[in-house]
Amino acid sequence: MKQSEAFLQCQSCKKILFSIDFDQNLRVCTYCGHHHRISAETRIKWTFDEDSFEELDTDLRSGNPLEFPDYIDKLRLAEEKTQKFDSMTVGRAKLAEMPVSIAVADFSFMGGSMGSVNGEKVTRALERGVKEKCPVIIFCASGGARMQEGLLSLMQMAKTTAAVQQCREAGIPYIAVFTDPTMAGVLASYASVADVIIAEPKALVGFAGARVSKQAGVSKVPDDFQTAEFCLKHGMIDTIVPRKEMRSVLISLVKTLGGHLFVEGGAK
Amino acid sequence: MSAKTHNEWESELIELEKFIVNAKERARKEQVASDKALLEDQIVKLEVGRDKFLKALYSNVGDWEKVLIARAEKRPYTLDYVTALFQDFVELQGDRNGFADNAIIGGPATFDGRPVMIVGHQKGRNIHERQFRNFAMAKPEGYRKAIRLFEMAERYQMPVISLVDTPAADPGVESESRGISEAIAASTMKMFELSVPSIAVIIGEGGSGGAIGIAAASRVLMLQYSVYSVIPPEGCAAILWRMPERGAEAARALKLTAESAQSFGLIDEILPEPIGGAHRTPIEAFATVKDAIVKHLAELDKMSPAEVRADRFAKFRKMGEFETVLF
Amino acid sequence: MSAKTHNEWESELIELEKFIVNAKERARKEQVASDKALLEDQIVKLEVGRDKFLKALYSNVGDWEKVLIARAEKRPYTLDYVTALFQDFVELQGDRNGFADNAIIGGPATFDGRPVMIVGHQKGRNIHERQFRNFAMAKPEGYRKAIRLFEMAERYQMPVISLVDTPAADPGVESESRGISEAIAASTMKMFELSVPSIAVIIGEGGSGGAIGIAAASRVLMLQYSVYSVIPPEGCAAILWRMPERGAEAARALKLTAESAQSFGLIDEILPEPIGGAHRTPIEAFATVKDAIVKHLAELDKMSPAEVRADRFAKFRKMGEFETVLF
Amino acid sequence: MKQSEAFLQCQSCKKILFSIDFDQNLRVCTYCGHHHRISAETRIKWTFDEDSFEELDTDLRSGNPLEFPDYIDKLRLAEEKTQKFDSMTVGRAKLAEMPVSIAVADFSFMGGSMGSVNGEKVTRALERGVKEKCPVIIFCASGGARMQEGLLSLMQMAKTTAAVQQCREAGIPYIAVFTDPTMAGVLASYASVADVIIAEPKALVGFAGARVSKQAGVSKVPDDFQTAEFCLKHGMIDTIVPRKEMRSVLISLVKTLGGHLFVEGGAK
């Protein structure tokens, strides 16, 4: 959103909003309900128990295994902009005192694309759930696999999906939240095989980019194509939850699906 | 300027081969014995030339040319391997959810005297076949059929053999509405559940998500001139330079060859193709693939079901290249 | 001549109740104290009469009248029970195969302080709701969603509570093309796979295949005025006598009552309804259902997962009545 | 088919056929390929190894638990006509020397409807597979559940489906063949959850009777609605196999799917 001191403009309806109201409303437009993208830090603050987040795996950094043209420059630029090494922030957190392993994506780092570091962090977040016997929650935001790491990126799809299988095997519930956008290689791997899939309203969710669909000669495209609402109608997600209700819905799900992991007052 | 099709790249060779065929026909018809001998002499020389040319052409196949060979319409497809290497094959169809897919085929068969479950992408050779097979771009129902077959393989203790040959999964509106992403992910996940051994052979194009959905196997083998990529080179060029025609350049950048995949530890073996490619001497390619599957199955047979699973997880768990920063 | 609807059957009672309401209204407005006292005196007598009538009507409910009560639009539906008996309910939607169904709802919740998985048919109270719920006739996607929820219940060790209330599964062309039969069979089979306890409560109509798909549970309970039948009585009459209007006769022939089901050993308990039916005093019906589920869960909790499975298999294995002929 | 000594008429194309040819062609019309209904005995003779069939459970006979009007009369009539107690013939047989447990339905006995005896015989056939470690093959032909046994019939759906689950659990392959017609309660239970489903060409296969579909206000019905071909197109069956190839396809399937059950020369 374009920001000019005390005011800003909604990206969707273009109406002018007070910055203070906007933040208090969790960056959801009070006029049209548009859910603007937010950083991983903000997401974590607004979702999990206060000060409960402990970040992990911050030491992983992408190399340039393929020596792909311009990749290192793009990486360094993103690192500088975000002060992070990757779009994925992972670690331990709590929801109403219940421990959870989390991974939260930030689209602003190279479009949340999944390379080796991204895949590794998601895998570790899922494995942490298995090791520490707590539910896993992943907030997705990604344009897809990271082209610049070639087949290594494609294999992150298999690696992360394998980690979901191990969660299932171990009885660890895994909840995915699709935020705007959740696409391609991420959607076609760990994101879509969550036990429960929640989406934020109007989030873009799809397999093929608009360009590919167009190339494929797709003519009639429904108005709501590749939105959360389209996915719900087609049975691909469980529910659409506005940002302000996200925390309470997640608490209910962790409490019920994760019930077997908890005893009164903490993890078993 | 790079060739755009396999036929274009092989055009001189193809011309030469046509010329030899014509010469042979002329020789056959020639009544005058001395002229016939002369012609036959020329043919021998032409064939020696052809062989040299062939060897030269295939001794230095670039990354883009591998893309062209992998896509060649003369290249052996899944059903060609099924016919050549398997007995008792019964094609099982349908996702049992309302839809049927012809881009992925599969079913039980006998291989080397033992039952196995086959799953593979199927391309078509003429326009009718290609449309029927949707250009080997599977829809969600293809992956859901695969899941059903994988489950059967697990229940009845049959190793899974998957033959990978797809440009990509189907990107259309219908596929999107029936959850192509979920279908690919669920199929990939199912492959990790298996406690029976699985072997995937990339026989042509290993096209991104469309490939991985049936390629998360205990062993992944690639034919020498097959390719395996996160994105088609044209798509990569379109994103990078907004110029899909710079596919050859993108092919090099993407490192989509068997050698590259092996160097990153992403595949287990490269299966050499006969000189001139699998399409020129399919019978040799069939033998190579058969021997490789027999060998790898024999190794996997030594593992317990739990070991098979653990081995497959460990194999994919290691994939990725990154640095660890010390603070 | 039999009543055609529940309202028709209860019509005198409903008239009486309306009359009482009006009388109360008149009494409230009456200014003259003596007249008011007279009216109030009448009202007490009317209420005594109403209670006697109600008791008489419900002391002898025929098979067909049970069908009418089971179908009554005032009767508590699945979501009414969910609201009354469960906490933390999150409705999970979709079959993850391309389709969503509103005739079957479900999701995890807390019941009596423990996590459970709820699955149930949902009817609608007005025309808009009824269409949205497809008259509680589930399509394949409803049963496939149920399967997904059953699998989650198994993974996360949550007992399954299913609430059955459907006239039948959806018989339309779309349902047929997406495999309604397979969906019902697969859902039934999945229920047998579960090693977590399951309890099905027939709260209204237990309509043939549409019901059994979510009713193959460790314990099957029926509310006193619910019905459970292999075919709707009207359908039976249409086949037998080509006269769907002879439904009352067919209802008797089909023995679709809770008493009959219990006498054949097909259900585990009949849950008594308050006088006048669950719709007249829902709070009592909720309490009855809650207590019954608590009691049966406590019994099932004593079993190991293997015992839960074996118990369920044994229970259904015994069902059937036949003779054995000596040769 | 109407039979008049040496000739008969195809039920589908109405052409006149020689009786001898007709039997030699496995009662498939040489003109239109119509697969006429055949008795269980004929089916067994044409499908399994010669003289390998051993019939079992012939002692089960339907009672009239609901005292349903006219039921006993209908039963006795069917018994007299077919000299059997039920439409289902079950027992042991062999396919290319491999032992199989089989159940073969005969539509001519009360439309193959599933009452308690029918469900019990199917259940026993499936259980026999588990006990004797051999694949199970069921040829289906049924109009649905047997109304005259009420809820007892409905429970046969659950009972037979439970038996299929036990086959799966025990690693026993189960192949169903849909012959004309395979409908309603049978289709919605054990028939549809087979590992492999084969149909005979043009067999009627569906959930709801035409009457019900019509009542439901169904207007546009495809030409091939509720046929084997419709099911194949919609992914609900694996393959359509003409009668003359049935034996060889079944042999391949039993050999591959049942391979783990057999060692050279017989069952493990």
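For reference, chains read A, B, C and D in written order, and residue numbers begin at 1 within each chain.
Everything below uses one rule, namely that a contact is a pair of C-beta atoms (placed from the backbone, for glycine too) under 8 Å apart; a residue touches a chain by one contact, two chains touch by 3 or more.
The shown structure was predicted, so the numbers you read here are calculated from the model rather than taken from an experiment.
Asker: With centres defined by CA atoms only, which chain is the most remote from chain D?
Answerer: A
Asker: If you average the CA atoms of chain B and of chain D, how far apart do the two points sit, in angstrom?
Answerer: Chain B and chain D have C-alpha centres separated by 40 Å.
Asker: Give, as an integer number of Å, the spacing between the C-alpha centres of chain B and chain A.
Answerer: 34
Asker: Once you find the CA centre of chain A and the CA centre of chain D, what distance in Å lies between them?
Answerer: 50
Asker: I'd like the Å distance between the centres of chain B and chain C, where a centre is the mean of that chain's Cα atoms.
Answerer: Going by mean C-alpha positions, chain B sits 55 Å from chain C.
Asker: Mind pulling the residue numbers of chain D that touch at least two other chains?
Answerer: If we look for residues of chain D contacting two or more partner chains, we find 234-236.
Asker: If you look at chain B, which of its residues touch at least two other chains?
Answerer: Touching at least two other chains: 96-98, 177-179, 182, 186.
Asker: Testing understanding: with touching defined as stated, what is the shape of the graph linking the protein chains, line, ring, star, complete or other?
Answerer: other
Asker: Which chains are in touch, pair by pair?
Answerer: Applying the touch criterion to every chain pair yields A-B, A-C, B-C, B-D, C-D.
Asker: Give the list of chain D residues in touch with chain B in this complex.
Answerer: 168, 171, 173, 195-196, 232-239, 249, 252-253, 255-260
Asker: Spell out the residues on chain C that touch chain B in their complex, using ranges where they run on.
Answerer: Going through chain C, the ones touching chain B are 96-98, 140, 144, 177-179, 182, 186.
Asker: Residue numbers of chain C touching chain A in their complex, please.
Answerer: 88-101, 108-110, 114-116, 141, 145, 152, 155-158
Asker: Mind pulling up the chain D residues that touch chain C in the complex?
Answerer: Residue list for chain D touching chain C: 59-63, 65-66, 68-69, 85, 115-117, 119-120, 123, 145, 147, 149-159, 161-162, 164-166, 184-185, 187-193, 206-208, 211-213, 216, 218, 220-222, 225-226, 230, 234-236.
Asker: Using the touch definition from the top, list the residues of chain B that touch chain A in their complex.
Answerer: Touching chain A from chain B are residues 169-173, 175-182, 184-186, 188-189, 192-193, 208-209, 211-213, 215-216, 228-231, 235-236, 238-240, 253-256, 260-261, 264, 266, 312-313, 316-317, 319-327.
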